[in-house]
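In what follows, structures are represented as structure tokens.
Each of the two complexes below includes subunit A, the first together with subunit B, the second together with subunit C.
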Partner chain A sequence: MSKYFYIALTSIRSRLAYLGELGSKTIFLFVVLYIFLCLWKVTYAETNQSSLGGLSLKQMLWYLVVTESIIMSLPTIATLVDQDVRTGALAMQLVRPMSYPLNMLAQTSGERVLSFALNFLVGSIIALIFVGPLDFNLSGIAMFLLLIPLSFALDFTIYFLIGLAAFWLEDTTGLTLIYSRMTMILGGMLIPLELFPDGWQQILRVLPFSAIVYGPARVFVTGDLQVFLSVLIQQIVAILVFAFVIRIVYNLALRRVFSHGG
Partner chain B sequence: MNWLTSYTNLASAYIKINFKSLLAYRGAFISQMVAMFINDFVWIAFWCLFFTRFPVVKGWGVNDVITLWAIAASGFGLAHMIMGNALALPGIIMRGELDSWLLYPRAVLPHLLLGKSSASSWGDFLFGIVVYAIFVKPDLPHFSLFMALICSVAVLFVGFSVFTGSLAFFMGSAESVSVQLRIAMITFSTYPSPIFQGFVKILLFTLLPAMFVSHLTVSALRNMSMLDALYSFGGALGVLLAGIIMFYVGLRRYESGNLMEMRG
Partner chain C sequence: MENAVSVSQLVKNFVLKKREGMRWTESEVKAVDGITLSIEKGQSVAFIGPNGAGKSTTIKMLTGILHPTSGEASVLGCVPWKERTRLAKRIGVVFGQRSQLWYHLPPRDTFELLSKIYEIKQDVFKSRRDMLIERFQLSEFLDTPVRKLSLGQRMRAEVACSLLHGPEVIFLDEPTIGLDVIARQELRDLISEWNRENGVTVFLTSHDAGDIQHVARRVIVINHGRVVLDDRVSRVRRQYLREKVLSVKYADTPESISLDGVKTLKESGHAFKFEVDTLAVPIEKVMSEIMRIGSVVDITIEDPPLEEVIAHIYSAPPTEFGDDAPDDEPDENESKSS
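This part shows the complex of A and B:
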């Protein structure tokens, strides 16, 4: 297990060398958060409500800080796997004394943790300037810190599966884009699930997208124990299901690997 | 007049060649177009959901936002399906790849811009027209004005890309800054303009001229106001002029990369 930990650590160190590049992406975060603040300010004012979907304007901006940080920290998991398959680099990975999926999980997790931390830090500063501090409670933060790594792990399993599709498909970029956009819209990145039409909410709550984006963000801003427990169960079940599917698909895919010489 | 005819012929020849070269990788071209279509549609879905819950935002309804998205997407698409190199300008300048373009007996900037077509931009262009026709169901005068405004927005996006891309003459590595500014411009252009007030509104009429996309075009179509359409065209031409000046002033500072390059 320790070798995967060191792979993650090495990935963080190598990303730290390009901190400037990571930092430049936070300009977009600033623009997005500012625009959403303007949009929601107008919406709260026009509806004459102090709370929409159970969130105040301050909570709404902090909610967006978390959701945007989760989405913007995404490494190019599917593309990496796709390239390994397409270029044949996967064959080189297979002779190493480690599991390829776990190696990829460690590598991309290190990158994601660093990117998330930076986005979250910048987003928090923006939120502090625009709407002030959130009424944090320690249990809420602890629950959030438990959900975030599981959210990343769940997201990884789905992107890894999409990357494996390169064994059968000519191009996986379309699938990657569709999944990422579904996570954005159905996962509650732009609007909390409570503001979706009533009929949709029950369906969206059981889909994995909400466990990746909405769940951690909602728990962070409200510290709601009930939401925490349901999201935690949803994450664990989804990770187990997708890990099982990866195992089957990965074994099927390995039968299609032919390596010779080189 | 001869000059205009000559450059129109050059543009149409480049459009044909670029389209054929995109078709050489038909699968990739179609998948990029479809991907962009889906990407844009997600935003329409977001706004439909938003307006289902909150029907009016400062006088804007769902049709106004769909109109805005249609104009912005088609305008951006038209700009870069014809002048795709506008997106790559900072990289071309930074790597000293202008050399081959300087050798042609044509004005450097229009020739360079026409040299490439962005595959995903075709998806943007088609998306805007399809969405406007299906969701807004315009009559002929509205659709005609819509098509004219797409051209205005395309001119503005080309001008803005040239302006931000030309920063590379002065800053060296300007790729990241240029991309960030372009993304900021696109992002501000695709939200209802009345939500921005005060200093930011002034900023959006000047440094990040998103209001010429999001405010004047929608207002022109909603009220069939030729005056707003003219303002929109005026703003677009102003941005294009600023981009051209920036490029040619910067070109004086250009240093060759001494690259051996062959264009097929």
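This part shows the complex of A and C:
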């Protein structure tokens, strides 16, 4: 197992070599948080509420910091797998004594953890300036730290499957686009699930999207044990299901490996 | 001697989809069509053939990446596609067109990572790494990010990478592609040195006749997915290179040469270039004739480049060379040149 841990470390080291794009992400994060701060301010004022969906304005902005950091830290998992398949670079991975899916998981997770940490750091500074510190509780943070890796792992399994689709499809960017938008909208990136209509909420809470975005963010700002437990179960079940599907699809795919590139 | 690689009746078919108008039609393409061969441990073999002949497909089956349609293969006692991970620890693979080095990191980091992936003991890893650094002269760019290396440096590091875990067989798929003359020569020397001194079995594909000549002792030519020739490199040269080129410089104008099998290619002043068909006339006879007709100042005898031989074999229809054809031909033009 230690080899995969080392792959993750190497990927972090490699990611550190080109941090330049982080600057542009920081500006983007600043703009997004500022716009939504203004929007939510108006919404809270217009509705005359101090709490919407159980969150105060301050919590709402911190919620956004977490969800934006999760979404923005996404590595290009599906694209990497798609390219490995399409260009035949997969061959180079298959001649090593390791599992390709686990290697990919380690590699992209290393990248994502680093990227998330940096985005979160920048987002926190911006939130501190705009609305001040959140009333943290330690158990909330502990629960959050447990959900985050599972959220990344679950997100990975879905993107990896989309990447594997390259064995059958001409192009997987469409699927990636659809899935990423669904994660953003149905996962509650901008609006917490509580503010969706009741009927929707029932469905969204079962779908995997909310376990990736909404769950960790909600637990971070409220430290709600009930939400934590249900998101945890949701994550574990979804990961097991998708890992099983990957197993089947990957084995099917390996039989379709073509000799790309001669 | 024990075989490192043995392959029997290996076949790989691909389904090719073609679109005609709105309809997709499927046809089967035989990429590898019944290859049988065996390679002894420690041998260096060049596996050559024109583009699309089935070289890479064969390598991919032997390294366990591809499942064959039918046939058997054993590499170091493993069935590659069934025991891929186990075999991976004992073989090294270099694809000239793909990189295993991390692009943004120096080669040293990739070495470190590979030592974990291959689960090499730290002391073994360090001593082997240091030896590779010295032999492949990697020290000057060991700590430079790969993206800043020249292709020659990168390929040296690539090959060193694939030797790090001490493989018993190394598959090199066009390792010298894109390299300049010197880098190419260096890499060839390193590979053949490693083959001689460490006894690693080398399985090389290349389009470069020089690679074959300098690295391999044996050449297997495949075309249309079949083995069309399998022989020692030196013998192939002799058999298919019956022509020799003689450049002769005379002190003054010589008499004209008239021998069957000798053609004058070029003539300028007192310098001549003859092409000799050594099957039609023994080289000895030609030499004495050349000496007889004038006073010789300088003479060189050359083989036509191996490239010509390869081109000749490639262009032949699949039936001209049987699997056993080369061995049956008489060895009468055994000459002692070059």
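Note that the second predicted complex is superposed on the first by the 257 of 262 C-alpha atoms of A that agree within 3 Å, B and C clash if a C-alpha of one lies under 4 Å from a C-alpha of the other, contacts with A are read in each partner's own complex, and residues count from 1 in each chain.
Rule of thumb we're sticking to: a contact is a pair of C-beta atoms (placed from the backbone, for glycine too) under 8 Å apart; a residue touches a chain by one contact, two chains touch by 3 or more.
Note that the structure is predicted; figures quoted are calculated from it, not measured.
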Quick one: classify A:Arg96 as touching subunit B (first), subunit C (second), both or neither.
second
Just to be sure I read the superposition right, which of the two partners does A:Val42 touch: subunit B = first, subunit C = second, or both, or neither?
first
Which holds for A:Ile77: it touches subunit B only (first), subunit C only (second), both, or neither?
neither
Which partner does A:Ile239 reach: the first (subunit B), the second (subunit C), both, or neither?
neither
Which of the two partners, first being subunit B and second being subunit C, lies in contact with A:Leu29: first, second, both, or neither?
neither
Which partner does A:Arg13 contact after superposing on A: first (subunit B), second (subunit C), both, neither?
second
Identify the partner contact of A:Arg255: answer first if only subunit B is touched, second if only subunit C is, both if each is, neither if none is.
second
For A:Ser2, decide between first (touching subunit B), second (touching subunit C), both and neither.
second
Subunit A positions within both the subunit B interface and the subunit C interface are none
Which positions of subunit A touch subunit C when the two form their complex?
2-3, 6-7, 10, 13-15, 17-18, 88-92, 94-98, 254-255, 257-259, 261-262
Interface residues, subunit A side, partner subunit B - complex:
21, 24-25, 27-28, 31-32, 34-35, 38-39, 41-43, 46-47, 170-171, 173-174, 177-178, 181, 184-185, 190-191, 195-197
Within their complex, subunit B touches subunit A through residues 27-28, 31-32, 34-35, 38-39, 42, 45-46, 49-50, 52-54, 56-58, 176-177, 180, 183-184, 187-188, 191-192, 194-196, 200
Inside the complex, what are the residues of subunit C that reach subunit A?
14, 31, 51-52, 55-57, 60, 63-67, 84-86, 88-89, 91, 93, 95, 97-100, 102-105, 109, 112-113, 116-119, 145
